[in-house]
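The same subunit A turns up in both complexes below, where it pairs with subunit B and then with subunit C.
Then we have the complex of A and B:
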């Protein structure tokens, strides 16, 4: 009998119930979309911030101060090119987005005055990893702010070069020129290179000429050597623990150490890089690392507040309509009561109806919300939003609570009505 | 009783008589208006607020000499005068000279330390920023090479501008970590720098951190070139470009979210209004039975809807402003600017939406046959 009553109410008032279900679906889809976007926004913005370039710089342990200041390499301390693939084998390998090695050489260009600073690097390198995976990395991904005239050299082109705008001006180079470079003494063999592109970076990189790593290694007579590596990694904003760890990882207790090691703090990733590259020192580039943290935190907080507002809006919208829907059934309830129904069965009847509507609306809304989230993800970030399973219980609880809160006060009001008055139509 | 006062009386008494029901509708409209005004405020204020946050990336505008020499203090001041004052976060002039400690060469930089701190907020200083004369900041690499800790003293030697050698003791007040070339420098105040190297009234570089978009920076650069000829302004493209890219994405995100939220709240408001009107079919039937034409029924319901929309819109503008302030204070620790045109815009939007939402069910209700409705079928 109870089931028949519920079924009757649902089907008799199809239109009304459909409208309530529709509103619940709207609210649920809003909640689903916002929660999914909010939970994923950190990851997405983090990837956007990678346009600021590398946030970790890896140097050999014995690097001399002279190299950085005056560009003099005295041969002490190098990293090995063959080890670089193991960067993708550390605990946080998945968070390492890109990396590029550098080797500096001073060279002369035949027919031009003065010495130029040549930097050997990977423009775009295809790497087969020991784990069986493959990886494409190099500076064409990492220096996204360079404005390039001409084109980026292909990865396997061993005679390509890119000149910084200042260096190109000094040597009178244009895209397509073929130059012949040799090391200072004049006794080194010369290598001929084609200028594929000229870039403006707005920093001291403009004074350099970038060449394939193998060319620089050959000229410096240091095969397989690398003088520094820039790494671009996705990191978690620093906190008290990571700052302490950055000073001295040994000062942490075992538990703290584990938390630190298994969180993608920039200091933890640096530590793990030092573990896999022999005689290396990995340093966070604070300009990038610190700012990323600050901006990430702000964005996440902003999205959290917007989500709370839209959840509140959705909740109010749903409970409004549920209240209105229950209120107008005063006549029906008056009749039920006149026929001798107690308060408890009447409340149970109405609640069941509303909850069934809520479940139908909520499920429809959840899937519509996934669609909304993907639209936002594709339009803004050009990437799919990760669907988090934890959103399902959150939305379910929200819909349940809101329909309950929306219907309880009106049910109480209806129960307090006298059947005679209601049926009389007053 | 004139026709108009009767009309007003009907509307107000209908609102008051059905207090609780109308309150529900009002709440729906107000929530919609709050979301509209709050999110739009946030959307417009995001570039301004986030730009401040992006300043933690340090200098985005650099003044160097056009001739490759140094910038005189006058032309530096003239160039800095081109930058709107409310956009400046910090401007730090630098002078560089090679000095010796323990007969090893190092680079010393003289700057206004308080400005350098504002322009490069990412510097991580262990110890303290120098407060007194004779205290300096040293880079981590310098500290490693000559084994200095905050509080230690060292002797700096070298030759000044006049070609005479000097020797002076300094105290290390802090050690700078940046992960970049700054770690190889010794930073001191301009006064200290002048006391050992000598005064020449010129700077090598002026680093500026300006809270402005790339286009605005380019205009400033053009003005600087006009006013101070020997100064070459340079944009740090890595910072300005990336900032532009990320900001555009963020604004697009908030825009889309606002659009989705707005669409859904609009539908919510509309369904609520429909429910409110639909349950008054009996009333409409009675009015028609008494001889009211369709037009007067529509205007009456529309009047109610517009009144609701007005009240809800006004309430929503105020609440939305409050919400935007909460976001500003909690997220960015700053007050937000509320675009003045937004309050009337919110009001108009909510009146339109509620009016439209009323119209549809009222119109269908006017087709009803009064006899059938009044009999209760």
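Then we have the complex of A and C:
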């Protein structure tokens, strides 16, 4: 009989129930989309932010110490180029997106006055990793925001160079120019380079001329040496634990240490980099790392707010529709009470109707939400959003709670209905 | 002891005195009519007897229970167990068939029993209309379903509010025949009506005016009337 009553009410009020289901579906779809995006947005935003440069700087220990103590960044210590592949062997190897080594050399350009700062680097280096995998990395990936006139040099082009806009202006360089560079006041061996591109970075990088790392190593007579490495890594926003660990990892308990080490905090990744690069000090570029964390947190907060607001909107919609439904059915409810139905059975009847509608709306909304999530993923991040199974129970609980909360006013109205009033008008 | 004993009840809505100091007793098996013009307090009286309202003052004893002192929850249970309600507007649930409308009363009382519900429909002559929705029934048929629903749980007191108010003469006759049969079987019937002909069918008619009992008339002369 109970099911007949429920079925009858559902089919009799088809339009109203469809409206309630639609309202629930709308709330559920937004919650599904936002929760899926929110749970996946960390990687997406991180990858997006990686296009704006490195967030970890690796220096030789000696250089770092001098820098810390005296603010002098010059020193004799170097890192080994041959060890760089091991960056992709650390615990968070998959979070290392790109890296590029640098070796600074002061040089003169034939026919031009003054010294120029040459920076040896990988433009686009193909790296065979110790793990057997291969990686293409270099500054063409890491400096993707540079405005380049001309083209990026090919990875295997040992005579290519890129000049910063200020350096190019000072030396009167144009794309395609061939220059001869040498160290030691022009007494050293000169190297002939072709300017493949002139870039504008909007920073002091514009005063530099980038050359292949091997060229810089040859000019500096330091084969295999690297003075610094910039690493672009996907990281988790810092928290109290990571900040404590950054100060001194040894201050952590074993459990805390494991948690920290196995979480992609920038400090944990730095620690792991130091483990694989001999005599190195890896430091987060704080502004970048913190901005990433802040942007990520704000993006997630925004998603959470949209989820909460959409669910609150759905609850209000449900509340109005169900209350209107109860008012319309006040005679029927009054009759049930007159026939001896207590408040609990009548409430159970109405709640069952609403929850069935909620399940229908919730399921439809979930699948619609998956579609919305993909639309958001493609539109905003240009990539698919990974569907998180944990969203299913979350949305189910939220839909249940929202439906229940939305039904509260109607249940209160229902409880206050007196058969004498609705059947006889008093 | 009377099945229903009303002792000095009053009902006041704000400044309106709907009922004033009413005393009335209804014996087991009696057929009582309550008559009066609009606003005389008939419906208020019915609501109080039917456990759907409480008096402001006084006591109402139904089957030994002071229903004027019971909680709303207990009143629901008393109404379910002891009273069969018949309405002028029938109040059938539109999306349930005639049979299901009767079974609803069984469901909230104890347990639905389709066979028994069909017997109740047969009793009011509507067995063949069991699967029809209220919209497919005439007014008279709807009222007969309403009566079958009121009787399905074997109430001590059948309380009818203008049971023929919306019916034509033919259907009024059918419904009154059912009431006569009920009375002859020993049911206690209280009918609230403004129709003197319907009222005269009862053994006794209480006439209300301005919330007070103006007079009580005893109707005699019908052979089938019980207790005469």
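Here is the rule we go by: the second predicted complex is superposed on the first by the 289 of 426 C-alpha atoms of A that agree within 3 Å, B and C clash if a C-alpha of one lies under 4 Å from a C-alpha of the other, contacts with A are read in each partner's own complex, and residues count from 1 in each chain.
Here, contacts are C-beta pairs under 8 Å (C-beta built on N, C-alpha and C of every residue); 3 or more make two chains touch, one makes a residue touch a chain.
No experiment lies behind these values; they were computed from the predicted model shown.
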| item | value |
| --- | --- |
| Touching partner for A:309 - first (subunit B), second (subunit C), both, neither | first |
| Larger contact residue set on subunit A - subunit B or subunit C | B |
| Partner chain in contact with A:339 - subunit B first, subunit C second, else both or neither | second |
| Partner chain in contact with A:4 - subunit B first, subunit C second, else both or neither | second |
| First, second, both or neither for A:147, with subunit B first and subunit C second | first |
| In the complex, subunit A residues that touch subunit C | 1-2, 4-5, 8-9, 11-12, 331-332, 335-343, 345, 418-420, 423-424, 426 |
| Touch list for subunit B against partner subunit A, complex | 21, 24-25, 27-28, 31-32, 34-35, 38-39, 42, 46, 50, 53-54, 56-58, 107, 120-124, 141, 145, 177-181, 184, 234-239, 241-242, 245-246, 249-250, 252-254, 256-257, 260-261, 264-265, 267-269, 271-272, 274-276, 279, 323, 326-327, 330-332, 376 |
| Residues of subunit C touching subunit A in the complex | 13, 43-44, 46-47, 50, 52-53, 73, 76-77, 79-81, 85, 87, 89, 91, 93-96, 100, 103-109, 112, 149, 161 |
| Of all residues in subunit A, those that touch subunit B in their complex | 19, 22-23, 26-27, 29-30, 33-34, 37, 41, 45, 48-49, 51-53, 56-57, 65, 68-69, 144-147, 200-203, 283-291, 294-295, 298-299, 301-303, 305-306, 309-310, 312-314, 316-318, 320-321, 323-325, 327-328, 372, 375-376, 379-381, 425 |
